[in-house]
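In the two complexes below, subunit A is the common chain; its partner is subunit B in one and subunit C in the other.
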Partner chain A sequence: MASASLRSLTFGQKLLILAVLAFTIGPFAPLIIQSLAFRWAWPDLLPSVWWLEQRQISPFPLAWDYVLSPTSKVLEATVNTIGIGVAVSLLCLLICLPAARVLARANFRGKKRLEFFLSLPLLVPEAAIGIALLMIFTGLGLSGTYVGVIIVHLIPTVPYMVRMLTAVYQGLDQGFEDNARVLGANDWQVLTRVTLPMLMPGVLAGALFTFLVSTNLFLLTFFIGQGSIVTLPTLLFSQISGGAMGATAAGIALVASLPGLILLVLSDRLIREEAFALGIGE
Partner chain B sequence: MKNLKKIGWSAVLLTALLGTTTAHAMDDAEFRSQFLSGSMDWSEVTKRAQDEGTVNFYYWGGSDIINLWIDQVAKPALAEEGVTLNPVRITATKDTVDVILAQLASGKGEGEGSVDMLWVNGENFFTLKQQGALWGSFADKLPNSVNFEWDNADPRAQLNLSDFGTATDRMEMPWSGEQYVCAVDRAHVSQEETPATFEDLKAYLEQNPGKFAYVKPPHYLGNTFVQSVLYAHNPEGTGAEPFQLSLEELGADKLAALIEPGFAYLKEIEPLLLGGPQGNPRYPEGPSELDNLFLNSEVHFNCKFGLYGVYAGLITGTYPETAEEMIFPAGNMIKNKSYLAIPLNSPNSAAALVAINYFSSVASQAAMMKQAGMPAGLDTWKLAEADQAIINEAAPPHYGVTQAEFDANIAPDTNASLVDVIEGTWLEVIERGSDKPIKDVVAEVVANLK
Partner chain C sequence: MIQHDRPSSHRQPLSLREKLQLAPLLLVMLGLFGGALVLGLLQSFGFAPWFGINEFPNPDYFVALWSSPDFWLSLGLTLYYGVVSTLLGLIISVPLALAFERRFCGSKVLLAVSRLPLMVPYSVGIALALIMLGNGGIISRLAASLGLISDPGAFPAILHSHWGWGIIAVYVWKQVPFMTMAILAVLLGLGQGTREAAMVLGARTHQVFWRVTLPQLMPGIVSASLICFAFNVGAFEAPFILGGGYPETLPVLAWRYFNDANYVYQLQGMAVIVSLTLVSGVILAGYLFAYRRFERKRGRL
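Presenting the complex of A and B:
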């Protein structure tokens, strides 16, 4: 099936697919090579000395040996990044679901203005928010704590999530909920058996997006975490600042892209299954 | 009546509670004043350090070999003394200085901060000291302070007593003594072609245009290069000497006269620097970018603080295999020290004292040289012969230059108050290409600083 449809594509379409692949997978190739290199100088197409050749004589753990050693703090950073990302996604959902319901269904004065205000945090530069919040959070004893970092991650994620969920809610016919009620379901049952399952693809997409934004935030994490909360972006930044990327930095960059990659694959599956189960697919 | 009784009981409870916490250990301010007065026994400090348990050490974490040394050697050694070392790796020390100042500004005073000790020197130390954000004059009260020269009468003590011209007042402990060293790529530059003076360098660049770059000021590595140029072109021939004075002592006019020939040289070589022949001279932003240019043969020299820089570059693969050290600029290779300091609001100050004392020991300094490629900060002439041997043995190898040659060509750092002016002048004259007389530029920069 797949090969037949591939053959039916025109030359131009094939070229386009190739370009997309080159842009999405392309950047990973030099990263992978760099992470396996010991000395890689211009204009050599490949490293002149590889990590594995140097590994035996090196007085200290090189490249992946360093990335996988406890000194690199990669494990701690990965656990922190995923933990914070999950907490931020859940909290964000908790805040945005009721808000989106109201924005989608209710009509009140100043609604348009409120929607505008909700996206304001996206317009203010992170650095400006970060420095001001650092002073406030320090006073509250929240700087350098996980709670502080999670709260600050909500700032750039809530506006996106509200918009996304509002659109999803607007697409959900209130008739389904009314039907359930007529058939005797209580509010809790309506929410868990009807509303949430029907919203699931949108909720998943929103949560995924929030998670990805949270796992990539550097500046806010750095300001509020004060360097004592290590995440993959802060770790990566301390490795590549100065404009050069060595083997360990390349290795950490690859690890840093893993959570997002795994989640994308997982959610793609989940959303598709969910859609099939509801009979919307095909 | 009943209510009164209740209040009475809670008051008793409260005082009992408060009593137990204060009886448990003296408070931070008391500990600080007693220790700084010199009336405290070291065993009391170590006991308190064990009660505190942890020390949060903030330091620049951009070097794998330094990180490994801290984790594999320093951490276990301090664990034996009952203190857990928590290394917090940062990108720029200035960020940590900002955090400390923000904490103090929002009322987090003595014992209420989050940073116990930090690796610092120059401008950052100056800022902390000026803002009264340092713990106090502790350095000469540590047991291992015997490894350092504190006697003002000995000129060699200056590196311990003065940090970029700011008196350390023993508020920071010397950790590592660095020297500004240039590496040369022997694949391109023969022994005869190797420049020893700035005139030699210019002659080399006329033959090989574009093959040199220095880090862009205000990065301290760029400032240091500019300073060595100014020393060498001092019209009075007194080298680094007048640059030890503060701006107030020296005066702006005098400074302008001293730096004029040096800036003329910097302007002359600009078209010969990296990108210069194409009409677009390029200054790397930091040492890793310069390392990369050097590795890729885009430049033939790499100047930075790194007495063992070539060794570190070779074992990490960041330098070309043909890299060697060179003596340049002869007689004007700036040497300075970096230090360990304790901020005023350190929550574990006793543990910080114990950790700094450990980092000042012969064993720790020897391991630091050997594993992290950082030069020792202690003064070898203060050591017993056996300890001197340990330090000499731990030293990483040199490539093409001997330690004695390095020692014979040192120059001191520039006073911190002048560094700001020189930096501002560089930005105006070189970056913006101003043609105003140096005297006017310096006067403007000085006026803007105030």
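Presenting the complex of A and C:
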């Protein structure tokens, strides 16, 4: 009886889920409509003139014509966002994989303190890191370069990656590696034939999550990129920073949501809830 | 989370190989992150040889900042947005996680869909706030179609106002999925055994929630709220676009100082950032301390 009531939803819970979905997903409907609107005056709930009706007679590009044209820099920003995201994920993986192995298996003095230090970037305001690093990077000639942006993206991604990979290593039975060694495999063979294949699901989840964090970063890209590196978040920011939303801004907002939407479909099976068991403050 | 005390006899010094494996991570964390913190601190005390300024240690920037009432107004505004949106996020996320824990029909799909804000940039959330909450926005239009208002100007200013709900709405929109994930992760790890036992022993629903569920969820709640609060007080784009101008939140204020043609203001901006980091650090440390006392009282630490 008790367990049955723990497994079905109450009326209040159904209402809550509906309300939250309306709040999180609902606003995307007017965003799509706005991107297709030509004239949408207050207080109409739908546009009075649509983009398609006007696009043949308009002398200048409208909404989606503009978004898809090279002048809008949408393509450049998309390529930059994805390229930086991939580079950051790979670099982050290279840095965190060996370290996660040590953190999962070795027990050394100061390990707890090190683990806390590793979660600090999540607790220090991003603006502080961005502005301070801009100073150093300007001195090194790295501000406004891809290298600079990729390096700075490591700061908010490394804490997540190292956490996820440490958890993956902890779940990996060391016995398999030992068995392979006993059977005559060398270190390289153990790594490529045993460890990596077994770590693969976790590695993929970590890389996807890192990619996600990187593609959503605005502040660090904006500060370190110095306007010369355009990504989807910074492009959208420059479109809406005046505080008004036009049809083109709505179109760019939709394009900026696409990587996340694709990842959402992909990651449904890859990113498990357990990855979000953050555990700060041990 | 819960401390697992391992016997210290197992501790061994790291081998050279293990140290090498940790090296790249430490390089990034100490060199980049640690370096940024140290350099920021030095600059706020007047160390900027690249501008020809080297008056370290010069506390004038802090003195000037802290003696101006504007700073305290900005700090108050920053903390207000941080605290209110974190609390509001928790009030929604805890019951939401409990609802999603019951693996009902379609729960997986709905959970994935509700995760969308987590996957898109904050600026998309700001765009949605502009379209929904502005004076000419959808809510305003709905109010007009219901006959509540007859002019866009009659709609209450949610955006571009102080203490308004626009910025908070964006933070909550973005962070509810994150908090829900973190809390759901703890719930799934716990199982329902203790709660079922409490119910069998005759506890009422609200008793189970306040005495069993909520204390068990504390590790997830604390982690998620720490991260969200720290992010909210350090965020720039939402208060920059949706805020009401002077007084501005501290990150926006620092950015204004930083973009000033007079480079001495950059050091002033650094003092703003260091003050913000200090205040949020003290709050986070106090929160963690209180949480650890709570866990120790319950015998979990």
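FYI, the second predicted complex is superposed on the first by the 236 of 282 C-alpha atoms of A that agree within 3 Å, B and C clash if a C-alpha of one lies under 4 Å from a C-alpha of the other, contacts with A are read in each partner's own complex, and residues count from 1 in each chain.
Everything below uses one rule, namely that contacts are C-beta pairs under 8 Å (C-beta built on N, C-alpha and C of every residue); 3 or more make two chains touch, one makes a residue touch a chain.
These numbers were taken from a predicted model, which means no experiment stands behind them.
Which holds for A:70: it touches subunit B only (first), subunit C only (second), both, or neither?
first
Counting only touches as set out at the top, which of subunit B and subunit C does A:261 meet: first, second, both, neither?
A:261 sits against subunit C, while subunit B stays out of touch.
If we overlay the two complexes on their shared chain A, which of subunit B and subunit C does A:30 touch? Say first, second, both or neither.
After superposition on chain A, A:30 lies in contact with subunit C alone.
Between subunit B (first) and subunit C (second), which, if any, makes contact with A:227: first, second, both or neither?
In the superposition, A:227 touches subunit B alone.
Can A:54 be said to touch subunit B (first), subunit C (second), both, or neither?
Only subunit B is touched by A:54; subunit C is not.
Looking at subunit A, does subunit B or subunit C touch a larger number of its residues?
C
Quick check for you: in the superposed arrangement, does A:38 touch first (subunit B), second (subunit C), both or neither?
first
Between subunit B (first) and subunit C (second), which, if any, makes contact with A:139: first, second, both or neither?
Once the two structures are laid over each other on A, A:139 reaches both partners.
I'd like to know which partner A:237 touches here: subunit B for first, subunit C for second, both or neither.
both
Do subunit B and subunit C touch any of the same residues on subunit A, and if so, which?
Dual-contact residues (subunit A): 42-43, 135, 139, 222, 237, 241, 243-244.
Can you list the residues on subunit C that touch subunit A in the complex?
Checking each residue of subunit C against subunit A gives 1-3, 6, 10-14, 18, 20-22, 24-26, 28-29, 32-33, 35-37, 39-40, 43, 50, 92, 95-96, 98-100, 102-104, 108, 110, 112-124, 126-128, 130-132, 134, 136, 138, 140-142, 144-145, 152, 159-160, 173, 176-178, 181-182, 184-186, 188-189, 192, 195-196, 199-200, 219-220, 222-224, 226-227, 230-231, 233-237, 240-242, 250-251, 254-255, 258, 269-270, 273-274, 276-277, 280-281, 284, 288, 291-292.
Using the touch definition from the top, list the residues of subunit A that touch subunit B in their complex.
37-43, 49, 54, 58-62, 66, 69-73, 134-135, 138-139, 143-144, 222, 226-228, 230, 237-239, 241-244, 246-248
Using the touch rule from the top, collect the residues of subunit A that touch subunit C in their complex.
Its residues touching subunit C are 2-3, 5-9, 13, 16-17, 20-21, 23-25, 27-28, 30-31, 34, 42-45, 94-96, 98-99, 101-103, 106-109, 117-118, 120-129, 131-133, 135-136, 139, 151-152, 154-155, 158, 162, 212, 215-219, 222, 232-233, 236-237, 240-241, 243-245, 249-250, 253, 256-257, 259-261, 263-264, 268, 273-282.
For subunit B, which residues are in contact with subunit A within the complex?
56, 58, 61-62, 64-65, 67-68, 70-72, 88-92, 95-96, 99, 102-103, 105-108, 114, 284-289, 291-292, 295-298, 315-318, 320-321, 371
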